[in-house]
Amino acid sequence: MKKSFSVSTWLLPAVSGLIFIGLWYSVRVVSGLQSWILPTPGEIMAAAVHEHTRLLAAAGHTALGALGGFLLAAILGFFTSLLLGLSKSLRASLYPWLLMLQMTPVIVLTPIIMLWAGPGMPGIITITWLISYFPIVANLTQGLLSTDMNHVALFRMCNANRWQEVLLLRVPAALPYYLAGLRIAATLAPIGAIFGEYMVGNASGGTGGLGFLVYSYNTQIKIPALFATALTSCLLGFVFVAAVAWLNWALLHKWHDSFERADH
Amino acid sequence: METVPPIVKFTSLQKRYGVGPVILDAINLTVAPHDFISFIGPSGCGKSTILKLVSGLSPGSTGELTVMGVKPREARDRQAFIFQDATLLPWLTAQLNVELPLRLRGRPEAERQTIARKMLELVGLAKVADYYPRQLSGGMKMRVSIARALTLAPQLLLLDEPFGALDEMTRNRLNEELLAVRAVAPFTALFVTHSVSEAVFLSNRIVVMAANPGSLHAEVAIDFPYPRRPELRGHPDFQAKVNEVTRLLHEVEIPPSS
Amino acid sequence: GQKTPAAAASGAALVKVRFQTDWFPQPEHGGYYQALAKGYYAAEGLDVAILPGGPNAQVMSSVAVGRADLGMTNGDDVIVAVARGVPIKMVAAEMQRDAQGILFHAEHPIRSLQDLQGKTIMAGAGSTWIEVVRQKLGVKFNLIPLVGDLARFVNNPEFVQQCFVTNEPYFVGQRGVSVGALLIANETYEPYRVMFAGQTFLTQHPDVVAKFVRASLRGWVDYLTGDPAPANKLLAAKRSDLTPEFMAYSIKAMNDYQLVLGNAAKGERVGLLTAARLTKQIALLQEIGVLDKPVAVNEVATFEFIPAQP
Amino acid sequence: MKKSFSVSTWLLPAVSGLIFIGLWYSVRVVSGLQSWILPTPGEIMAAAVHEHTRLLAAAGHTALGALGGFLLAAILGFFTSLLLGLSKSLRASLYPWLLMLQMTPVIVLTPIIMLWAGPGMPGIITITWLISYFPIVANLTQGLLSTDMNHVALFRMCNANRWQEVLLLRVPAALPYYLAGLRIAATLAPIGAIFGEYMVGNASGGTGGLGFLVYSYNTQIKIPALFATALTSCLLGFVFVAAVAWLNWALLHKWHDSFERADH
Amino acid sequence: METVPPIVKFTSLQKRYGVGPVILDAINLTVAPHDFISFIGPSGCGKSTILKLVSGLSPGSTGELTVMGVKPREARDRQAFIFQDATLLPWLTAQLNVELPLRLRGRPEAERQTIARKMLELVGLAKVADYYPRQLSGGMKMRVSIARALTLAPQLLLLDEPFGALDEMTRNRLNEELLAVRAVAPFTALFVTHSVSEAVFLSNRIVVMAANPGSLHAEVAIDFPYPRRPELRGHPDFQAKVNEVTRLLHEVEIPPSS
């Protein structure tokens, strides 16, 4: 996290990756599991190569849904948290309903989503949004409330209004919280989109995304290809996580303590 | 003095934090326009609390306090506060930290930058305008905080040990600069310090406080005319006042029991 | 959906019809694709869009709220939905009996539903047939929810799960596992798979419904008895994972089990819905408590579009 | 959030609840939606009363899975974050694999979970854990890295070892982050358990947990009962959220800026 | 002095932060055991940086620095540092903050509590042992921080303006207490202050620093014998030393240009 682009960022995961893959192979050997329960990394890679055109096309489709839902969550989450951070009474009146929205199983909402957002991409984006929205709100709200009271006193003395206090003080101070929320959302977006494809993607030709491939490989018991699909979804997620990590670095490295000072 | 309405008026004010012990008791004080009052007293006697009360950041418990005739909070737009800690925003450069109060009042960017730069020059920090707080030394941070408060040209300035972290020469120079600023844009000042000579040099009134609970022990009038020149510090009358305040201070400072 | 077909009907332009299927494109929809490919719809003056479905396809609500004009699904689902006030109505049978079955390993065969006694079955929670087996046949078994995977089945020779007889047995067979499938439909419980239309659409455009049913059934007969290649080509274009072997298997299963064309000996024929069977069906659903109030046959289905004996 | 148990905590949500319910009814009236798409609160309550024995039994079952998964996530998440916070190289080697675990669609892992954890409760708890684990890890890790550098310098000067630095400094400083993570996990635990019941659950007599009811009411188009099930799951979630809120108050109110000082 | 190994030894040390400007240049200084050296100089000249170098918190850029014959970091177990900010942990009471270094060294609880209480009494804060930092005044926080550093009975004590936020009497009293502690458990001290008289009272050597870049301008030996009595402050020799250091300070303090 600290020096963003150093060797260790690449070398160590690679080494631990080798260990991980070694472990994987030995689990296979020791447990006597078969390929259609736990394929080896080699088998998965072979399947990925073999199926790469389908995987790529599907990843493109899922990426669109994931990106849409993620951006929606990032933006709406930001503004919702502002509202919640702005006043205690807004918080008391809105938070319980937000919690309910988050805690209602998506399947219950699917018919309504189908009806209002429409099936296909709009529905997929809505479901992805629903899944990645709350972590952002919960985090940013906690961040907005955690502002240093001395800084708040400074703003009060400058006669700052509530909006200035939130936008110029609480929001920058809460950025690390927001970014932690975005990081969670980034990992949720691709699986959210896959889930969304499952739930509402079908009604208008849901044979596009990774969600469909998961279904298809599953019924065809093409387990290595199924794991290759999961791997593709992980890679997609990594792109999102990397984007958030970059944003984190860009916004915080100059001043925040999670980045070590030049030399101190 | 009878005709001019007071800038700050404490009437039998008492202060506790929550349900804690009495911190300040029976505070009666009337601050006239253009007073420069220094508060001096033992650590923990309630000096910062007095300033927090005047600023409205902390409410009084019983008694009354008005600032410019209204409740403290309502007079905030005419006050500025230099806190005991520098309280800089870590994500803003020195320059932007100084600009902050102007930004909060919606002043245009060009004006903000000019004023901020002037104030940074005043405190000798123009060279580090682009540094982030974590790159500044303790004294430099405090000076940025002073520059920030001065941008507003307030009617009432609250200063909580602003010069405590500075070396003597910088401190003396800033004492003089502060009076020079005040000559151009007059303000009333409530000033907390631990330096008797600084208090004598700056103020027209010095309030010596006692602790347990915090109360106003004595007041000393310092009637050297303004503008005051640096040479004043060498004058025997100056030394006499310093000695008088020091003596009063020794009266209240029983070594803290425990 | 009200706006779509009305205006166009008179002119030369084709009438647009949206038909919602219940799953990803597959040979079980072959008849419709055959009608499309061979121009049977066009010949009736229809421009049919076949909307693919999938897990949780919401076929009935799609049609009910007018996102599609007609749809297809399991017959007893339609009965239950109508009883709950969903404004749809059956217009023809697609299959004389539902293709749902029980998938088992050949070495542990399930010969009748009674054989499920004491077993653990992976099946769709809330499925009507489960209640029938439990209540009418008095068979007790343990239920685990149906997810998309077959790996567990392949792994465990005692595993039993719900399937489509036209579908899963093929894939498991592909893995070298010898399996069998028992069709769930029997004398006690024999739901149709049906085509249905939204109430509004039905009242406003009975002519379109009639044309649609006619062309679809023609497509089905052609698909199952003639050359299925035109439909299969369309299906394969929609789904790259459909192999010719699999499609051939599905078609064979639909014929072997007499799903679509029916058992002539029992008086069944393509598209036929009978009031008698539906009445029996409704009574059963009420008896096992899936329906909490009775519903009349003519609320559930209309028989005017069912072609006469050929 | 601030004064934990004041009137506004109950009064305002109640008022906003009335508004919400009013809106709900008017949506029904204006949009002409019917009961089987969006039942009214009244219909939902009626269904809840009618089905209350099944709902209660199912809620008990789901609560068990949710609690197990939540506790597992809270505990394992804590220790994982410690490892990640302890050293940069551990972080670089472990974080990517954690991300992969989080980003792999659960359906791909289901057969392995069934095999290793077993079906029924163990599997449900595993899935709930999988779903609520990462938000805790992501948050606490960010928190552990955000420690004030001056405090770190203090610990270095006291010759504190890495463990002391983490346990006595970084962990208390990161508590607000951990609690925000727990709050997210608290909302995820019941839906995670419901999802788990669906994936690997095991019910004799059709009365497993809420997950079973959701799917069974859904297939039977008992939509008001379906919403009543969702409501039950929300209520379950509120219990979790309330527990976390209490913990938050207990751990932070004495010193943290998210709780206003007695009077300042 | 030739036979005893130095406690701290700077050899041509230069320091930059990252790729920034030179902060300290050509620092050569040898600290003998039991030296009490005060650093005095303009704000931002690098006094805190010197202490950070000795503590090993910040590395030197070129040149050499050894502490007790080893690298600074390796000598940390025999050092204690009073930072310019109080740096208290907000979730611990005053008492627990003071106990912290002992806890980190694994001392038994009873011993910790006794020592911490003694130190809190020394700085006059026994009454507020159960307060959280946010309930303490600025000076009280600093005193807790002093108490904390003294619990360790270090061989080398680094003090960065520890008494800057205190009133004169508390400050004088703590000066005397510090020397009393040192008489019982001798330590070497590197002390940063802005008060010349404090420096003269406490130290045997005073280093006057110049800024831009920070460097050692002059050194003054203060050879009043220890123990030093409060009366020393009134002695004419004392005043002479104060004047000498002040004069040296005026040499380096060109008013900050900007």
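Order as written gives the chain letters A, B, C, D and E; numbering starts at 1 within each chain.
We take it that contacts are C-beta pairs under 8 Å (C-beta built on N, C-alpha and C of every residue); 3 or more make two chains touch, one makes a residue touch a chain.
All values reported here derive from a predicted model rather than from experimental measurement.
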Which number of steps is the smallest that gets you from subunit C over to subunit E via touching chains?
2
If you count the contact pairs for each chain pair, which pair has the most?
A-D
Quick one: point me to the chain whose Cα centre is farthest from that of subunit B.
C
Chain centres from averaged Cα atoms put subunit D and subunit E apart, in whole Å, by 49
Distance-wise, how many Å sit between the C-alpha centres of subunit A and subunit C, to the nearest whole number?
38
Rounded to the nearest Å, the gap between Cα centres of subunit B and subunit C is 84
Whole-Å distance, subunit A centre to subunit D centre, using C-alpha means?
16
What positions in subunit A touch 2 or more of the other chains?
37, 107, 111, 115, 149, 153, 214, 218, 256, 261, 264
Two or more partner chains touched - positions in subunit C:
61, 65, 148-149, 151, 155
Which residue numbers or ranges of subunit B touch two or more of the other chains?
17, 20, 57, 85, 134-135
Write out the stretch or stretches of subunit A touching subunit D in their complex.
1-2, 8-9, 12-13, 15-17, 20, 33, 37-38, 88-89, 91-97, 99-100, 102-108, 111-112, 115, 134-135, 138-139, 142-143, 145-149, 153, 176-177, 179-180, 183-184, 187, 190-191, 194-195, 214, 218, 226-227, 229-230, 233-234, 237-238, 241, 256-258, 260-261, 264
Applying the document's contact rule, which stretches of subunit E touch subunit D when the two form their complex?
55-57, 76-77, 79-81, 83, 85, 87, 89-91, 100-101, 103-105, 132-135, 152
Which subunit C residues qualify as touching subunit D in the complex?
60-61, 64-65, 77, 80-81, 84-86, 120, 124-127, 130, 140, 142-145, 147-149, 151-152, 155, 290
Along subunit B, where are the residues that touch subunit E in the complex?
17, 20, 40-44, 47-48, 84-85, 120-121, 124-127, 135-140, 143, 160-161, 164-171, 173, 194-196, 246, 249-250, 253, 255-258
Residues of subunit A defined as touching subunit B within the complex
150-151, 153-160, 164, 168-169, 172-173, 175, 254-256, 261, 264
